[in-house]
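Multiple structures follow.
Next come two complexes built around chain A: one with chain B, the other with chain C.
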Partner chain A sequence: MFKSVRTFSSASRLSTRSKPLAFSNLADIKLRAPIAPTHKNFDVSPDHPLWAFFEGGNTSKAALRDGNDITQLEVRPWSMAELRRKSFVDLHQIWYQVLKERNIIGTELRLAESLEYSRAHHHKDFDEKLALVQKRIKVVLLERQTAYERAQLLDDVKQEYLEQFKQRYIEVDQANEVDMEEKLDRLQFAVFGIQPDLNDIDLEHDINVSFIKGVEYNAELKWGKHLQETGQNLAPLKSIVEQLPFLLKDTTEAVEEVIELRDSEVDVKMDKIDVIPFLKSAIGNFRGDGIEEEVAEDI
Partner chain B sequence: MSVWGAYTKRFQRNMDKVVPRAIGKARLKDQNMYALPTLEQTHPTVPKSEQKTKPEQIGILAGDLAYISEGPQKGTISRILRYMPEYDGVLLMDVTSKKLLPKYSWMENQTTHVFDYPEITPLSQIKLAAKEKHEETGEITYVVADELEMKGRYFDARHKKWLPRRFVKNHDRVEIPWPAPEDPVGDADSEQTKLIATDSETALETTYELQTLAKPSIPVDVVNELRNPHSKYKKRYLSEYQARVMKAPDMPLSNAQKAYLAKKAEQEAKQQALHRGRPITNLSEEIQSFIGEKMASHINKIDNPHLLEHLEGLSAIEIPDFAATQQKIRDAESAEQKPEQK
Partner chain C sequence: MAYKTTAEKRARKALIEHLKTRKINGARIAQGKKTVEDLQKLNLAPQIFLFKNLFSGQVLYSQVPAYHQDQIDEQFVRPNWQNRKPSRRNDLWRIMAVAEFANYEYAVAAYEGLVQLRQARDTELKKDAQELRKKNEDGNIWYSGQYRPTYSQEAVADLSHVIDEFGLENTKIMWENLWRKGEDEYWSEDVQHDSLPAHNPKHQTILLDELRGRAIEAFARERELLAGEQEQVHGDQVSTA
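Now for the complex of A and B:
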């Protein structure tokens, strides 16, 4: 099984010198001072990403802080109340700031372990504070998600409020009309997710069933109010084609458009599957989304 | 989320996970193996999950007076220097012992190896005391609370937090106020603190406001990072194993049960055969005349000609089921008559 005689491999035999090593022109060779094997002889780029693992970045003087220095930091973890005020972007930033700080502590603790440094418990205590912040951020985000999911089950409450608002909207006196319009804008965003400014609507993601319901509700309100004011006896709005103008334009313009549509006797019936593509193209055209691109192509 | 410091070793037991009480004296002995003489630890540590951290749990704060109720110093009233949650004990100003300190840990102006070092007194061996000065005579008396009672809460401006009010139990009028806080250890104005801490204005700034119920407040992809999408508690179907576990097995029947069931099945079969063979016969003369009389008496009471006409119309309608039943009766009668003819 085992070779009893050890031999050099053929490759090593081939690479051996056939003649002994000899220097020529010894006079030309200049002796230089030896280069000591120390870290000071290495240049590290100040942009090196690993500097982020040291307290003070590329200006760090030491890789391990004194434990007593850490106790001198007068800090406390972010409280839940403070974190609840912060937007997702802010929480994201705090998370990564904390993570960077924890990475520094982690580096120091690893070093402290190998050096058997006795005051590393200060580092650990500080790390616990940082970990607590991360836990709290998770809890705050989950609270928001849970609240959103529970709100989806409040259909009856929403419907009741929408009915009440409809009554108030139709019966409002002239002095409070502007106020009511603003309220309607806010309600549209709060309940149906329709942005008050048309240009803020994301055609890819925002147009969904809830959006369609919002358009329907908005049109029903304005049409109802128009009929109330003028005393006309017209049929209720039939389809999304008649309802959409109330979202895009003023009530008077929208009413004119609906009457024009009815006069022209165009078939406004639309299958459910066609509604979302119709809304996307109609809102896009109204905003003039496609126009700039076409002009650019022509040029 | 683990804390960086609590790293684990592959081939070594993680002592942080072992409840200190369970290993008790053995651990103390281990810890004291390398301790300097006179500096051995005598009090077992409290597990982290059982440590008290809030003033209302502990009942005392640094700066309070304590009456020592047990041990050699019994009867002494002393000031509390510090509460140590890991030992559930306090360091008192007057409870010290002589320790031998090596030169490298000498304090400033220390000239001898012998040093008065504070000893830990367990919380169970002290009672909260309070000093009271008589308004007129200026005489100082002490109140010792056997037990404490926390009631209500108020915002303490000195501690900058909400604290409960502290009373001697069963003596609602004897309140012992919390002591003033000690000077903070850290330095709030240092360069290092300023670098790492967020200033109060930024911390209190509100950047989140719920404006819509129609859209989630956090990106959809984040949800799966916060919750476990593969959790076994969220699965909507059972694995074969789980289904088998939940279903009780069919128990084998005893011989007596089998015999009983066989007998019962036989009886049911007999009954059914009997019922199936029973012929439908016409009503007897007597019954027919009885029903006819009843109906005649009802119809004779009716005065309304329209109703009578209606009933006449109804009787003319042929009901298919009725006709079928009549046919069956006729068949049965003819079947009865045939054997008689033979």
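Now for the complex of A and C:
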């Protein structure tokens, strides 16, 4: 049936055709010129990431800047002194700005090479300046890393400084107390990595051996100062359970809590392996993380 | 020199003959020219497949979604250093366009026309063709490495030539990339252009087979519609009589 339908319809259609379905004389044919592809047949998104490889992005008119335009830019590389003053985030931004610019120059240089463009040396000079900035950023970062690693080795110096600071903290007069508290916050962060604001502490990553040492040091300082001020003669703090309140609360509240603990004669000894989980749960509870979770579960 | 007995020599000759018969020259379905009946019997659609050669830029026409050495021999009749006979290697031929025609007669005629034009460009009209090509400084066909873009552009020109010359209405061309179509002025308004579905080149054969299946379905649907119309007209005629 299919075949009969086909022959019927095509025969009727073909009979109405005016043009033959074959070339009559090949020698007389006029060949058509090759049809070159054209970009007009498709649209390029203005957000296309490859636009970043052209000066001026999606509004750029030419793929290759004139060499003289480059010399007119009158740029100089960032100096070492300037880069040393920049933060890591700033350096990161500068690096990527320079990288983008180098990509543009690289595209232009490649094009200039194929076009045998004579003023491409201006582009190369510019690129060298940019490359110099990248090298300097690397050197600055290396300096910082070296300084940091060296500082890790200066244990004696650090201990000595901590002792001195402890003395100064305990003996400070009332006028400089606020100043000293701020200094302590900065020291805690610099030496032990403890964030000044409790809410900034990352319970998963920040709590480690150094953190524990920081809690201990902080408590010793404040306990020592309290004893100095009141003239009491109390035993030194025994474990992390007694030390932690000094990080979380005011000194007076913390001291009250410690005395309460001692009066209740609860065993505050803790194995080393339990310290980090204890800190995590205690700080979390104090901040209210746990409560929020419970509420969420109830809902 | 090792001595070989007659029996050994004969065995060796037989082996060589046997190996020759085993040589694979391409997809067997693509062997030989297909008539309208052949295409229908093989469940093929009224299509022409244009494969481009990644190495040289040459284009191979085929009536089926595959190709055979015989087609290469037929379509590259006078090879020279600028227009070498391309290899049949499967990894070199990628689909450039698929042309769908209104019926089988058109598809067969278009294929014949394209092959004739290709042969004419290589033989009788060689000079005319050469004049139209872009040249390099030495006066040879422009090339980069072994790649000559003019061959694929000529294939596009020939396709539009055939469609216009034979008046093949309701033709649809699906391009691998629409930029190959060139300016609109070269195409009659009747021709529809579309791009091929996005696909992994690894799955080219699957894509082409699916296109063939779809075209057959579309063709059958059209026939049914036409048959309905014809019956209606016939019925009207009978009733008026």
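Here, the second predicted complex is superposed on the first by the 257 of 299 C-alpha atoms of A that agree within 3 Å, B and C clash if a C-alpha of one lies under 4 Å from a C-alpha of the other, contacts with A are read in each partner's own complex, and residues count from 1 in each chain.
Definition applied: a residue touches a chain if its C-beta (ideal position, glycine included) is under 8 Å from a C-beta of that chain, and two chains touch if they have at least 3 such contacts.
The structure presented is a predicted model; accordingly, all values stated were derived computationally and were not measured.
Examine A:Leu21 and indicate which partner it touches, taking first as chain B and second as chain C; both and neither are also allowed.
After superposing on A, A:Leu21 lies in contact with chain C but is clear of chain B.
So, A:Tyr96: does it touch chain B (first), chain C (second), both, or neither?
A:Tyr96 contacts neither chain B nor chain C.
Looking at A:Lys138, would you say it contacts chain B, chain C, both, or neither? Reply first, second, both or neither.
The first partner, chain B, only.
On chain A, which partner touches more residues: chain B or chain C?
B
Which partner does A:Ile35 reach: the first (chain B), the second (chain C), both, or neither?
second
Check the residue A:Ala151 against both partner chains and state whether it touches chain B (first), chain C (second), both, or neither.
First partner only.
Could you give the residue numbers on chain A that contact chain B in one complex and chain C in the other?
none
Show me the residue ranges of chain A that touch chain B in the complex, using the header's touch definition.
Contacts found on chain A: 69, 71-75, 78, 82, 84-90, 101-102, 105-106, 109, 113, 120-121, 123-124, 127-128, 131, 134-135, 138, 141-142, 144-145, 147-148, 151-152, 154, 158, 189-193, 210.
Can you check the complex and tell me which residues of chain A touch chain C?
Residue list for chain A touching chain C: 2-3, 5-6, 8-10, 13-14, 17-23, 26-27, 29-42.
What part of chain C is in contact with chain A in the complex they form?
Where chain C meets chain A, its residues are 40, 103-106, 109, 112-113, 116-117, 119-121, 124-125, 128-129, 132-134, 150, 153-154, 156-158, 160-161, 165-167, 177-183, 186, 220, 223-224, 226-227, 230.
Which of the residues in chain B end up touching chain A in this complex?
Going through chain B, the ones touching chain A are 1-7, 184-188, 190, 192-193, 196-198, 203-208, 210-219, 222-223, 226-227.
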